[in-house]
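In the two complexes below, subunit A is the common chain; its partner is subunit B in one and subunit C in the other.
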Partner chain A sequence: MTVARTPDEVRAKIADILRRTVPGAQVEGLDPKADLRDELDMDSLDVLNFATALSHELEVSVPESDYSELMTLERCTAYVLSK
Partner chain B sequence: MLSTVRHQQIEKARPIRPAPNLANYERARNAFTWAEARRELDGLPGGAGLNIAHECVDRHAAGPARDRVALRFVRKPGTVEEMTFAQLAEASARFANGLRSLGVGAGEHVFTLAGRIPALYLAAIGTLKARSVFTTLFSAFGPEPIQSRMKLGRARVLVTTASLYRKKVAGIRDELPELEHVIVVAEHREPARTPGTIDFDEWLSAQSPEFAIAPTDPEEPALLHFTSGTTGKPKGAVHVHEAAVAHHITGKLALDFHADDIYWCTADPGWVTGTSYGIIAPLTNGVTSLVDEAEFETSRWYRLLEEQNVTVWYTAPTAIRMLMRAGAEQAKARDLSRLRFLASVGEPLNPEAVVWSAATFGRPFHDNWWQTETGGILIANYASLDIRPGSMGKPLPGIEAGIVRRTGDGGVEEILEPDVEGELAIRPGWPSMFRAYLGDPDRYQESFAAGWYLSGDIARRDRDGYYWFVGRGDDVIKSAGHLIGPFEVESALMEHPAVAEAGVIGVPDPVAMELVKAFVSLKPGFESSSELSRELLGFARKRLGPAVAPRELAFAEALPRTRSGKIMRRLLRARELGLPEGDLSTLESGA
Partner chain C sequence: MAEFKMPSLGADMEAGTLLEWKVAPGDIVKRGDIIAVVDTEKAAIEVESFHAGVVDSLVVEQGTKVPVGTTLAVIRGEGEPAGAPASPPQAAAPPSANGPTSTPAPPAPLRRPRISPAARRRARELGVDAAQITGSGERNAVTLADVERAASARAADATKPSPAPEHPPPEAPPPEPPPVDRKAEVMRAMGAAMAKSKREIPHYYLSNTIDLEPAIAFLAAENAARPIERRIVPGVLLLKATALALRAIPELNGFFEGGTVRHAEAVHLGTAVSLRGGGIVAPAIHHAGELPLEDLMWRLNDVVRRARTRRLKSSELSDSTATVTSLGDRGSEAVYGVIYPPQVALIGFGRISERPWVYAGQVVSRPLVVASLSADHRASDGHRGAAFLRILEDKLKEPESL
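Right after this comes the complex of A and B.
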């Protein structure tokens, strides 16, 4: 059972999680197609923390094999909405 | 039925496994001499000394291995670029000529700040050819670690990328008056020209592809690696060309390199493993190295292992534990039958990971131990030796290790009984031993006592001679395979106007071994809040970069200090973990 949500709600939630898991991240103005790892200087621990928080807070199951699907704002939003 | 067929197909494809180079540990130890190991290298023609670049590249380029692939780069999008030994010889010759054209010569320091891109590897070999000293900085460092290391290392040349230059170097360049030349690798997303810099491709293509290495004293400095201590600035460990003797032979004995291997060292050259075993050892041994530009990602890694036919794989416990989290299914869906030898370094490999890898890959990870200062692997689990899961193994042939205790008068005594904890120490004299801490002879001297190099790691030796890591003897933090100095992190936090004092420790983490945690007390007029906590973490991350910055932060009224004013990190850690607080006789009252 997943919570109903709009693309805007999902985008806002992703931005919020990014700000918490990547302290100091400038999420505003990010190119939705750009790789978050490059733009926000995320290392593999950051990716793990981000994916774990995303999966808890948006109630989606994200297997490790799908982490690469989360690495742009656009694809991450689509991934969450598809679940 | 189907599974039987599949099994048979895999069996059929399984290559014949060569016998381990180190077939009998005791016999190899007894027979070994460093002089014999040195004879595996060629030396410069005409007896003109020893140069790492010649052993890595030129001697292969001049022989039957010239068209063998030396480096196979997998770029971020997955495209592959190969470079043979002959091509690497030529490109690195251009780099060396380029340095000469800039007036950069022997003993001068060339830095790189880049991801795992071809330019970094050319720069490494080219710099060594020119008898300049090569240093590579981890690209995930923030501007402060970059600036402090370049200042301490008196960088004259920097090779970097356009985006790293813009993000991390342009803003500190005025603070680096000795940095004369910045050579920038263009990237498609950056403007073609970066003011005040030299374009890497243009500069390189203007140079001659021929370069004869000048006579090189084996004791000449070749590599400068930075590491962290408990107090003060980072330490610059200096290594010499002679170190290649140890890189080469440990590649052969501890990583079991054979001529046809496809070898993947996942470490970044910004850390010593990525240079000693990501550049030098595989090249001197003439094996093909895989270099993946991208960061860790489970599915990508398994795909590369399979598609690139990796035979020897050297990685780190944090990555192995991330693979364990993802489950064995992804590994089992791949044909990894060519994998022959798996090794791990960075922090102790937990026994569960050894057992898991044996079940998942059909062969276990072999943990080994060494440090920036030791330059190469000194203690290891070998292909031919039974693994005791959780142990770092036994000393390499040619290495005498011991467990010692400091006696308080500057001396040490060796502990000979088994299973007693003490400091892990090594008898000096192996070729890749560091020769100095740059500009800090006192600190160098303090690393030795009574004929031992003192590692700062606490360990024990069991009755069969296997060594077991216990912990650090100081406040240095081990996180995701990297050593982090608490002082560097505390200094960055202290720059924030709200911070009165900061104490930084490592707290246990199931994946990274330790995470950096900061304790902060605030100046009058500032209130603790989750917003301020996030602001401070962001502030530190911007300066230090993700590899060094704290990931957790707690506020405290005051931090425990000694009467002489030093923050007692040991006590912060004991309180955080609910451990006994130990000797508090030096604690300032009221803390």
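Right after this comes the complex of A and C.
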């Protein structure tokens, strides 16, 4: 499996991926419980691109049925850590 | 001689700023080559050439805003003599009555010397005016060495006191887009196009609720077998089915211009993309009905990304034969869109959501979508419009055929 990760490292990585996959996204100051699709105006392509980058860079496999688990910073972090 | 003019990149465009030349006099261009970048309210557009030949002269300087139709460059066919004065470059036809647009007198053509791209780049870096250099290369072409020599000569000159500069100022570097309130401009341009549409186009509207259970199940099975980067979003199925249905009902695929309807042969599907910060662009996905789903997915992703990073090609903004707006999974239930002139139809999809539906005599929960058609009554009628929606529904019920 992958290297051990702290929640802070995972959070930082998620923010980094969001910045790259959603150009212009204001990631700082996001409410960890807020829906990313609403906060960052993400459409289904953005969601897929975010999930793809997450899957590759954090080495977690994300089936399509789990996309909704990624849609707040808090839940996304927990999802990655649970894998 | 052919004149390369400021293209109209959509019904809402009146003028554009020539941001950057991608060619120089003497360059050979093919049809479809990118020859300039033009800034419009919505995006920086890479403009493609309609002609093949040799660039004779560039008429408009970088950084200049000119009305649609203004000659930007002259391209001569292979074999035509260089510099043969064709009809002198004309300024644009009078701007539309929609708004005041200043029509600057066209400046004299800039006869630039033959120069290699590397030398041109270096000249720009060093602030040397290549037009002032006598070339030592083949057919008097200005070489890299010529540029370097000119730069050091100028540096030597600069150490001497001189009362007035002998040379004209060096060529300016490519200018930045002018600082404008982009959002206000986008809103203004979109408003102008939509006002024209609602003023001139007699819209009629139809809608059907479509059961997407078969399509969603098909995609789930497809995607489960695919690596994540090759998965397909439901919107791609909607686009493909729309393109196929448009092919079956040609009255909805084309243009109304000058009092007549013109059906388009191919289906180039304009795809409405909302820009972050406001505004919409609808770049065309060419031959959408002929692309396998995976290719269509790739094209959609590509065109959305480029629309949002402001890098579209001119053909993508001018070729659409009908437009689709798809609200996605956070949108409203249904959309009845405004047709983008001179097109004659706009197809809208609301949010796909689980709702009650009667299936085999039972009320069950199914993923439904409201598909709508806004169409121009001068080009089609409700009877044909209904046939279109029926075909669309049939296609989505047989996703394997998409």
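The working rule: the second predicted complex is superposed on the first by the 83 of 83 C-alpha atoms of A that agree within 3 Å, B and C clash if a C-alpha of one lies under 4 Å from a C-alpha of the other, contacts with A are read in each partner's own complex, and residues count from 1 in each chain.
The rule is short, and it goes like this: contacts are C-beta pairs under 8 Å (C-beta built on N, C-alpha and C of every residue); 3 or more make two chains touch, one makes a residue touch a chain.
What you see is a predicted model; the values in this text were computed from it and never measured.
A.B. asks: Touch check for A:62: first (subunit B), second (subunit C), both, or neither?
C.D. replies: second
A.B. asks: Once the shared chain is lined up, is A:44 touching subunit B (first), subunit C (second), both, or neither of them?
C.D. replies: A:44: touches subunit B and subunit C.
A.B. asks: Answer with first, second, both or neither: which of subunit B and subunit C does A:20 touch in the superposed model?
C.D. replies: Once the two structures are laid over each other on A, A:20 reaches subunit B alone.
A.B. asks: Pick out the shared contact residues on subunit A: the ones touching subunit B in one complex and subunit C in the other.
C.D. replies: 23-24, 37-38, 41, 43-45, 48, 63-65
A.B. asks: Where on subunit B does subunit A make contact in their complex?
C.D. replies: 140, 163, 295-300, 318-319, 322, 325-327, 330, 480, 511-512, 534-535, 537-542, 545-547, 549, 551
A.B. asks: What residues on subunit A touch subunit C, complex-wise?
C.D. replies: Residues 23-24, 37-38, 41, 43-45, 48-49, 51-52, 55-56, 61-65.
A.B. asks: Quick check: in the complex, which residue numbers of subunit C touch subunit A?
C.D. replies: Touching subunit A from subunit C are residues 220, 223-224, 228-229, 231, 233-235, 274, 276-277, 300-301, 304, 308-309, 328-330.
A.B. asks: Going by the contact rule at the top, pick out the subunit A residues touching subunit B in the complex.
C.D. replies: For subunit A paired with subunit B, touching residues are 19-20, 22-25, 37-38, 41-48, 63-65, 67-68.
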